[in-house]
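Shared chain: chain A. Partners: chain B in the first complex, chain C in the second.
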Partner chain A sequence: MTAAPIDTGFKGSAARNAAARARLLRGLLPALSLALVLLAIAWLNPRAISYFGFNLMLNLAIPIALATIAQMFVIAGNELDLSIGTFVGFVGCVTATWLKEAPLIGVLILLGSIGVYALLGALIHLRNLPSIVVTLGMSFVWQGLAILVLPKPGGKAPDWLLAIMSLKPPFVPFPIIAALLIGLVVHFGLMRTSYGTILRGSGGNPAALRRAGWSLLWTKVALFSLTGLFGVLSGMALIGITTSADANIGNGYTLLSIAGVILGGGEFVGGRVSPIGAVIGALTLALAASPLLTFMHIPPDWQVAANGAILIIVLAARVLISRKER
Partner chain B sequence: MASLKALVTKPWIWSFVGALLVWLVTIAFTGGYGAGGMVTAALSLAVFTVIVGVGQMFVITLGPGNVDLSLPANIGLASAVAMKVMGGSDSMIVVGLLAALACGAAIGAINYLLIWALRIPPIIATLSASFIIQSVDISFGRGLQIKPPPGFADFTNWQIFGVPVLAMLTVLFTIGAAIALRRMIYGRSVLAIGQNIRAAWLAGVNVGRVRFLTYTLSGALGGIDGALLAGYFRGANVDIGNEYLLASIAVVVIGGTSVAGGKANVPGVWGAALFLVLLLTMLNTFGVSAGVRLLLTGLIIVGVITAAGGEKAVR
Partner chain C sequence: MKKLLVLSALAAMLASGTALADTSGKKIAFSNNYAGNSWRQAMLDSYGIVTKKAVDDKIVGAADIFTTADKEVPTQAAQVQNLILQGYDAIVINAASPDALNGAIKQACDAGIVVVSFDGIVTEPCAYRVVVDFKDMGKQEVEQMAKFQPKGGNLLEIRGLAGTSIDDAIHAGILEGVAAHPEFKIVGSVTGDWDQTTAQKAVATILPSLPEIVGVVDQGGDGYGAAQAFAAAGKPRPTIIMGNRQDELKWWKEQKDKDGYQTWSASIAPGVSSLAFWVAQQVLDGRKDIPHDLLVPYLAFTQDDFEAALPKIKEGGVATHEYSQEDAIAAIKANIK
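On to the complex of A and B.
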């Protein structure tokens, strides 16, 4: 973190081409890491690369991808949500109880929880609070609520949700279609619409945005609401797969989602995020954590370590590429 | 009046006021029963939060984005290392403590190595490190059923006139930390880096070395904490450090240290740690269920942070 050398500006065209190549490589890094993990799986167990195999391996990737997208929205606004994991757990508990037994109340609770996220965004902006601490506190709130809603593991997913999550479309496995859909929808919304640009701008240069007449309060509220929305989707998708809930079911998602955003090429500050990258990052983590290790006959003890190692390797690769970029 | 006003403006005073308030409410509820015992218990438990809180405080003071997320994993691994090295025999206590210290310091050093070599935000570096440490701990500490040596377990529970000896030692340690922060070049450098890293660098502060020392210190304190926790709770455990992620950050912030860096507060760490422990005691005394307890803890933390307000966003 010492002072960065100042770019002198003028460069030859060869150097500029090299820089462009490095930038392209950097943009492709998330896809490359996913391809690498897939190749490793294909090499270790060719049978896994099939319709059925992908369905099985990528099943849990959908909720992880949704949670990663949720985390990406707050990161785009230079904040961090350390409560997304317990929030996903809370949503899961509501989905497996209220949403099945009294759908109307269930929907109201879930909408209300998105409203809480919107309020948090407003609170963090108005009182200038550190989002890390506020969301860390909120993680207790969600976990407490989850335990109150569902004191013991159980409940049952609504049938329509089970039906959606066990769709078997022809040729392409459902998780892959879902991942593509999530990535493209969010990519269009955040990267291609004008308000999406404003939202990213609120992380990139808040002062400029304010001077241009935009309300930073509303951008923050919008970003946090979107996080709440995708958190709700993630919790529902998770329960659609596991069929029943547990108050601790989403706890691991906080760290996974942050790792996914960073793996996908997101930066912590400056509104530099990539929705498609985030989805790819989530898929990479989902594949590397469990199927790859199982095929390599590595005990499940090291699953978490695999996530850490991938994160470090990809970040190291990024540093090597960035060095060329200069 | 003037001195009272000066006291009120001190950021750390509120954490002590909060702790006192929670204590009073609880003894009002019990009708005065167990008032002293509660203080003793709060002191013994607060010690563990204070030790990691001080480490986290130095890290957070380095500036926006600096935070050690690897503390829980670090504590878990160090508790296992300490118990294994001590092997239940009194003669190995010092060696075990040193091993835990070295284990923690090594984790801290690795954290900084990742930050420095990969030029990544400390949150991600300590996060990736904690993933790996957690796995090492699960693999290393599996089925570890070693009890702490009786002498060590007694030491961590030792009280003189109702005051835990560990708490007294920790008070001495925090006084030392306060002196280091206010009067020593190291502490001044940490504050300078937190206020403006570029200015500190231009002023000749060895930024790299100070940051390295700070992360190593935080790691080492996590290691010692793990060993002490294993002594106090009679055994190592993978999950023994889990609650210290929130606790270490919360005590720093509630205690009046600026999350934006450059402004630290040692007494506040004690006040906030006592506040958090007494809060839990209060909710337990009220006999609320686990769900309500978590809910209220979270709401109170968010409420306290909101009331305290922030001067500058953390990131």
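On to the complex of A and C.
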């Protein structure tokens, strides 16, 4: 009589332990791949592992991390944003022109563009449109607007933005502090607050959420507005680093941001995302794609292919481990 | 005796104007943002040939080529930053954007790295720019035209990719040339985008509305297309200035063999990459008098020498020229006024 409950209890805890281990592994995976890439870089070029080195290698990862967080919000709601890259480019062009010459108008344009994102969220929800189609269309709109604002490369970042992006805090390089800050703030907001849980729930189980009386329209609008907000931050950070803009400057960010979310432990459906993972994923991608490749001394004919191969290897490692979980 | 040797060695050094500092331990990187057309391939080939020899001859320590996976600005900015970390002494760059890379270029300069840009140049003042004198090329086109068509007449102009500085410069040169030769008059202008098929379509469209044309002034890559359009319309063949492409020179040879057709050909040589390399080497060599903006000559062929060059150009390729250290020194000298 006493044996049976003990037996089941034992089994239950074993299953629980396995699940917890898998979850831990899943949580650690992005950090693990980052560590691997860092080790490879340290081995190939020890000089890079320094205050100066991290500053150079990671400062362009900040805008990628912000774009990845932006993408993560739409993915949390089971949607995909194919326009984030050109949107970042558009924000960059506004930052290098209006925001410098007429800050008030610049701020209004940027706020307005976040408003456009909110409207897109509402449109996608109300008309039940596939977000891929809507955002693909928007990507051409943003690109066109960017070329209108800045027909040929140029412009200049506002001085305060340049000052922020070239901060040199003692001991810890600025990009690392910025990455930590972004990751922690979003983690707290999305994973530790009650409305954050609702937002994730809108992707995880929308039917239950609706039955509980929450408006799915407003969750979608909130998610898309957050995407717009972080897209704006990404574009501004990018221009703060490059000092000057180009209408095509952000085009590569669309796919990088999606890859970053997935690498960071997110899933395309079900509201399963991890802000800290996404930031680490973005850093890993930024490091794997460029510094690692440059330090490896691959013959020029193969460099382009090698870049793709590194991305596939890094993403494949994640799939292998997350399969163990099941 | 020994003293004499040293003295003569010194004299030789002074005479050649080089070797102020030893560059045999210096490393030069090439940051390239695109490799997807024949011009860029020729550019990489020329660079490879010249730098391999320079490394073998122990003139420089290393000359590595880095091509980015996409044409994106941030990718190349990150690449430049990584090259800084790699400890290169100089970076030769064909840039994705004239302005948006300035942040990374400045970081490189601040780290004591010599940056030489060409073709896709950067505007950051600390970098060197190797620029081809496109304006003079446009002017020369009209000068040459005056030799072949001494009576003058109507000209058709084919423009390049709109909004680029190259198109602007060549066009300005052509206008200047026409102003100096009032016997010529530009009666039509089309956009050919430096591309045979685009140019052929554009010329074919405008031809019916034009009076008799004696000459076509263009920007290279569009001459063969123009020739096809004239032939298709059954119009008399004008003097078409060529742009060093293999198909253009081949057509020129066919016409010359047939009836002694005369024209002239000019374009920027993809091998200008090797000139940029030597400029970087010269700066590393300790030369302080090199202007940051270097205007270099374009590559031209005349009636007498184009046939010799033709077999050396790859099918579908473009004529190039590998520059030597002496060429670079001469080009620098020509720019010091």
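In this section, the second predicted complex is superposed on the first by the 278 of 326 C-alpha atoms of A that agree within 3 Å, B and C clash if a C-alpha of one lies under 4 Å from a C-alpha of the other, contacts with A are read in each partner's own complex, and residues count from 1 in each chain.
Here is the rule we use: a contact is a pair of C-beta atoms (placed from the backbone, for glycine too) under 8 Å apart; a residue touches a chain by one contact, two chains touch by 3 or more.
From a predicted model like this one, the values you see are computed outputs, not experimental measurements.
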| item | value |
| --- | --- |
| First, second, both or neither for A:D246, with chain B first and chain C second | second |
| Which superposed partner A:A19 touches (first chain B, second chain C, both, neither) | neither |
| Per-residue touch tally on chain A - higher for chain B or for chain C | B |
| Touched partner set for A:A286, first chain B, second chain C, both or neither | second |
| Partner chain in contact with A:I177 - chain B first, chain C second, else both or neither | neither |
| Partner chain in contact with A:P153 - chain B first, chain C second, else both or neither | second |
| Contacts of A:L315 with chain B and chain C, given as first, second, both or neither | first |
| First, second, both or neither for A:H297, with chain B first and chain C second | second |
| Partner chain(s) touched by A:I258 [first = chain B, second = chain C, both, neither] | first |
| Partner chain(s) touched by A:N307 [first = chain B, second = chain C, both, neither] | both |
| Touching both chain C and chain B, counted on chain A across the two superposed complexes | 151, 303-304, 307-308 |
| Of chain A, residues touching chain B in the complex | 1-3, 78-80, 123-124, 127-134, 136-148, 151, 255, 258-259, 262, 268-269, 299, 301-309, 311-312, 315-316, 318-319, 322 |
| Chain A-touching residues of chain B, taken from the complex the two chains share | 65, 67, 114-115, 117-121, 123-124, 127-132, 134-136, 138-139, 142, 197-198, 201, 207-208, 211, 245-246, 249-250, 253, 259-260, 289-299, 301-302, 305-306, 309-315 |
| Contact footprint of chain A on chain C as seen in their complex | 32, 35, 44, 64-75, 77-79, 81-87, 96-104, 106-107, 163 |
| Complex contacts: residues of chain A adjacent to chain C | 45, 47-48, 52-53, 56-57, 59-60, 63-64, 151-155, 238, 241-246, 248-253, 286, 289-291, 294-295, 297, 300, 303-304, 307-308 |
